[in-house]
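Look for subunit A in each of the two complexes below; its partner is subunit B in the first and subunit C in the second.
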Partner chain A sequence: MSSIDSRRTGRRQILKGAGALATAGVIGMPAIVKGQSGAIKIGVPTILSGRVAVLGQTSVGGLKVVFDKVNETGGINGRKIELVVRDSKGAPQEAAKVTRDLINNDGCQIIIDAEASSGAFAVQEVIREIGVLCIHSNSETSSLTADPKLHVPTAFRTARQGIHDAIGGGDYAAKIAKAKGLKKWATCSPDYAYGRSNTAEFMEYAKHFDGNIQVVEESWPKLFQPDYTEVVTKVLNAKADAMYSALWGGDLVAFIDQANLYGLFDKQASFMVNLGDYGVVDQVKQFPQGVYSGGRYNRTVPPTKENEEWYQNYVKTQKHKPTNWSWENDVAAQMVVEALKKTNGDTNGKKLAEVIKGMTIKTQFGVGGSVTMRAEDNTLVNYIIGYGVSLSKEPYIADFQTSPWEPIYELEKQWKKKQGYAS
Partner chain B sequence: MDLDALMRCVGTTSCIVTQLTSGMIIGMLLFLIASGVTLIFGVLNVINFAHGSLYMIGAYAAWTFYQLTGSYFISALGAAVAVGMLGVLFERFLMSKVYGSNVLMQLLVCYAVVLISDDLIKIIWGPVSLSMGMPVEFRLPPLRFFGGVVPPFYIFMIVAAMAIGLLLWLVIARTRFGNIVRAAAVNGPMVSALGIRVNLYYAAVFGIGSALAGAAGALAAPVRSLTPGMGFSILIESFIVTVIGGMGSIVGAFVASIIIGLTRSFGSIGFPLFVDGVMFLIMALVLIFKPSGLFGRPHNK
Partner chain C sequence: MTGRWRDLALAGAGLVILLLVPLFGAPPAIRDFIMFGMAYGLLAMSLNLLIGYSGLVSFGHAMFFASGAYAFGLAMQSGKFSIPAAFALAIVFTAVLALIVGAICVRLNEIYFAFLTLAFQMLFYNVILGWVSFTGGDQGLMGGIPRPKFLGIDLADRTQLYVFCSVAFIICIAILRQLVTSPFGYTLRLIRDNQERAAFLGVNVPLVKLTCFVISACVAGVGGILLTLFVSGAYPNFGFWTTSGEAIFMILLGGSNVFLGPLVGTVILRLLNDITVTYTSHTELVLGIVILILVLGLRKGPLDLIAERLENRRQAAAQAVRDAADAGAADTRKGGS
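Let's look at the complex of A and B:
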């Protein structure tokens, strides 16, 4: 074949250029939503671009639904709440930088960290230094609040926690496994803190409830990986009875599109904790039927009038469907509003933290209509957890089974002891 | 490292077939992009660091044409032609201004194009990822060969990429156009002195290279999420391919693409946490023992 002569530019220059391009690629320009003076400024580092931009979009939607309502009714002691939202592009170092900028340059008094776990740990360290109130509204990695070494007194979490989903999901999966004889399992989850810990915890509890389960293959695609071909074929070659995946957002959409080509979902039972969310449902063109899906957000779960009204109001005001991140941020916003009311608008981190600790609020996202910020580890409990079976059309999830919280509390205590998080 | 799993895989025909085709799929997409990079570099002696953006625009263009026409083949063709035309404009109005300049100047121009195109994508198509979904023509059950599983769309993808590569080689090696292009690559001013408008050929080559990226984007669109910035990661891999194969060599890009594709497909079984490391290791070894690349000509001083 032809080889075209090259004379003037050498390989070293190309490699230099490629290196410079790689460096330039991780440097981003922040998108700033500027605020007005006099208002209570709440900074929101999140992901607004790229494969998982839906996380940022629907997180901000969840916050706006609450704060817009508060502002329409006069704000907090006459002060409006103003959101200052910035894009970290999913890069941890950028999440930390953006959070510092929000506090130091934009004058934000409170942070609602709507980052994924990849950025949340970096934000946590910034909060440790500066001491403002921070609510992690999206990070599900258990250690963020469970590990006492990471504890920050003014940092809380309204996101669901991996260990809670793992215990509830493990119990559900074990019942299915026993009924269908699913012994050999493969896993396929993103290679970062959330994917690793979530998968380990789910499989630990699936095995706890069914001793016959064994993991025969593990795949760890990178976060935001564009091509899953080799991952899909690896899972396929494992010839497992079942697969568990903690892929989420756009990554999950790409995985499903590529797995469908190989008929992966017809060859084994699949458990996907993040499947049944509108952000995924609306993106996947051939939504798989019969996959066991974790409960994220669905307008029929719980099947109440309040939930349907909340869904309708969200769609009407935000012009897109809500996701799991929407309700988690809705709860974060409600807790911030309640705390500000109790401190008469004082935004001091310590004072706000004191009132949020142990706070219970009424919400349709909680079992029995309420959720609580557990005082012992600053994390949300009593929210609705469960699994259902995916449908290819509305309501997309059927036979949803809510997990009871008492066994979750009990097993979580044991898990914490085992991890060295509690004595 | 799980070399036992790798050994088990190479001991079964089903696994070999599945992983071989998986490697070819990964490789052929890379080949289309890398062949554009190597063609443009070989003739124009510029490194198009914005090539990943052309791939991204190709994917978005295919998505849009698909929404409008409902025909995947028209969409793929339309995307390749549209990106080719965009490439000609890019070459005429921007890249031609930095021919012969320092590589960092070329990099700056390209990086500006990358940022602008990413933002334009966000403005036009939105920041949230899009999914084309599998075209109706390819919504078929996967085929089985010797127990291995191969999706019909991926067979089309491999055949299409190979056909495009063969056509490119024929054009460059066997046509008058190719002769002029190769002559211009060696000595542009001499070709110009013969009364040939070399600038037109330069623009055409840039357009063809861009069309290859557009075609790659269109082939990827049914199976990959479309997001602003999606061209960046594949650009890095295509540069690895270009360096391994040899700058300016189309056959080198072909062979190196298959090497990288197979490394990724079999590596995901045998050394899943070190696949990227092995890819860079191969590149380093090539640079040490054959600095011009596997099929590149030694650099003239």
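Let's look at the complex of A and C:
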């Protein structure tokens, strides 16, 4: 089993160090010696408390599934992998400090950053300075890896990327819009950078694929807003043909529960990128039927034996259902393991980065059974993107259509030029 | 040695102790802990200038912590300023902001002052969130904070950064100490204890309060700058109400009546946070229990309690001396009669 260092002896080292400093004149040297166990230590800054604690819980679950298996079969050249998980409470400055502590104090040689986006940018700066291998496993903000100014040679991303989802989703939405004559659209997304940029990009590409689409109403509920009555009423009053929403987590659950009271989902077509994830499915009182849902994680997507086995194993070992974050972290862990095998257990950041760049691994989460870490911008490509239609009971998603990657690559290039990320 | 020179000597000694940390080969984690503590320590110490010395309970002090951080970070990212120039610019910006906010708030008392400062803080916070093209919105200032060399100092080097932060921290603490022990500091206490009496004695109460508000904000701004240098970024939650709340916790934990109380509170809070976070994700629960114990059990910060005990002991000793002197005098009188 991969052990999660719950004893966190490193903190004791801080206290010992503080004591040593107090008596430094007598002792002469601080009594701090980093543990030299044979284990390969991997630090995981994440969010384990508060409203999005499920992010940390299911991210760690995804990592453990892989590392446990590696440890059970002898580890990497006989060395076990040890996870050291720390809660940043969602504060970027804490994420930065926790990451520094994981490396400097706990002796972690690799970082898997399971933070949300703002924390990920803070972690990126620590990695820029220290230079260990880092894999951002949850941040979907495109600029993290797309913007060359933010590039860090030893930092990679296995999380899905906002621009990829927007292009794939826009293509799917346009096809439905053309077929059903959905011209007037309303949007309802959280009022912060992710919500605004995600919605803008989705609608941009929906319009790109179907020039008849126009946005007639925009609603921007505040993050963690408890009451959505006003927003639901606003969307209904717009009498739009369709609605797009980038609400997520607890906000999405609250919105659906309240929108159901008004029959919102019966009165128009709805597209929700974050709907079909078990974190939402299990929380909503009455899961809506017939909503177009983005692919996050579902045991039937892809409908393969490997995916079902992975799901069953995850639930059995972790005692909860996996989420989108689980597969992203599963891929992060697999890439780290493959890289360590290739370097014979050498944890040097540069060496690991060299082998991860351009690496392709086999996984059921990839189109055709594989995903690739694109060398050009250190980000994951060829993972499964797509939309399906929601069902009110298992498997909750039907008619899932996987987006082809070729148009995504092409439009992503144009998007990068537009953003000034590429010439 | 006068009190002023003694304080300056103590500040010098404090600086020497801080600078000895890297010399004794302390691991980076301890330096990080101290740097983080210095940034938040300045926030708490500066807030206590308002709460403890002036009776102005501000719920919006983190606004100035964030304004220092963002002004410095944006100036450095523009590439047009050296570190000292950006440092000065950030302090000036924070001072102007505090002057505007303070001019509106300081005429109000107690709960009205507290809530108006909170309202301004949330306004500032929402400007940071909303002005995405300038501040990066909820993602904060991305891409790191450039640290070009100046006067041969390279803040990209962690040891030199530590020394820089230590010097800035000690200068701020020394300024605060000089302030609270000066006639201006005693005027603040007079206003805190009896505002009307101070006015009758000819003190321009709003002006003194405003001056205190601006100075306090500037010191908080320096704390924000240090944190920006430490994490190489600035984030909206630097200016969120929870950060102001954290500073109030620090004052509660350390004590508001002893000068260094908030600093002790900062160390306690950071240690509690760092230790509990290693064992549990229920950090807030642990902090809440500790604060409950302090509030219900001690009813004051540990430093306040120690200071009170020492004062009681000193007074008891003085009383004993007086009693002995009185008894001696009585014996003399008896003998004489």
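FYI, the second predicted complex is superposed on the first by the 372 of 423 C-alpha atoms of A that agree within 3 Å, B and C clash if a C-alpha of one lies under 4 Å from a C-alpha of the other, contacts with A are read in each partner's own complex, and residues count from 1 in each chain.
Everything below uses one rule, namely that a contact is a pair of C-beta atoms (placed from the backbone, for glycine too) under 8 Å apart; a residue touches a chain by one contact, two chains touch by 3 or more.
The shown structure was predicted, so the numbers you read here are calculated from the model rather than taken from an experiment.
When the two complexes are overlaid on their common chain A, residue A:Leu236 makes contact with subunit B while staying clear of subunit C. Judged by the touch definition given at the top, the superposed model places A:Gln286 against subunit B, while subunit C stays out of reach.
In the superposition on chain A, contact of A:Leu150 is made with subunit C only, not with subunit B. Within the superposed three-chain model, A:Arg128 lies in touch with subunit C and out of touch with subunit B [touch as defined at top].
In the superposition on chain A, contact is made by A:Leu261 with subunit B only, not with subunit C.
By the document's definition of touching, of the two partners only subunit B reaches A:Gly250; subunit C does not. Of the two partner chains, subunit B and subunit C are each touched by A:Ser49. By the touch criterion defined above, A:Ile176 lies against neither subunit B nor subunit C after alignment on the C-alpha atoms of chain A.
Shared interface residues of subunit A, touching subunit B in one complex and subunit C in the other, are 6, 8, 10-11, 13-15, 17-18, 21, 24, 48-49, 53. Those residues of subunit A whose C-beta lies close enough to touch subunit B in the complex are 1-11, 13-18, 20-22, 24-25, 48-54, 57, 219-220, 226-227, 229-231, 233-234, 236-237, 250-251, 253-254, 257-258, 260-263, 283-286. By the touch criterion given at the top, residues 6, 8, 10-11, 13-15, 17-18, 21, 24, 28-30, 32, 48-49, 53, 56, 86-87, 89, 91-93, 96-98, 100-101, 104-105, 117-118, 121-122, 125-126, 128-129, 141, 143, 147, 149-150, 192-194, 196 of subunit A touch subunit C in their complex.
Against subunit A, in their complex, subunit B makes its touches with residues 9, 14-15, 18-19, 22-23, 25-26, 29, 38-39, 41-43, 45-47, 49, 100, 103-104, 106-107, 110-111, 122, 127-134, 139, 141-142, 149, 151, 153-154, 169, 172-173, 178, 181-182, 185-186, 220, 222-225, 227-230, 232-236, 239, 242-243, 246-252, 254, 264-265, 267-269, 272-273, 287, 291-293, 295-297, 299-300. Residues 20-21, 24-30, 32-33, 36, 129, 132, 136-140, 142-144, 156, 158, 227, 230-233, 235, 237-238, 274-275, 277-279, 281-284 of subunit C are the ones that touch subunit A when the two sit in their complex.
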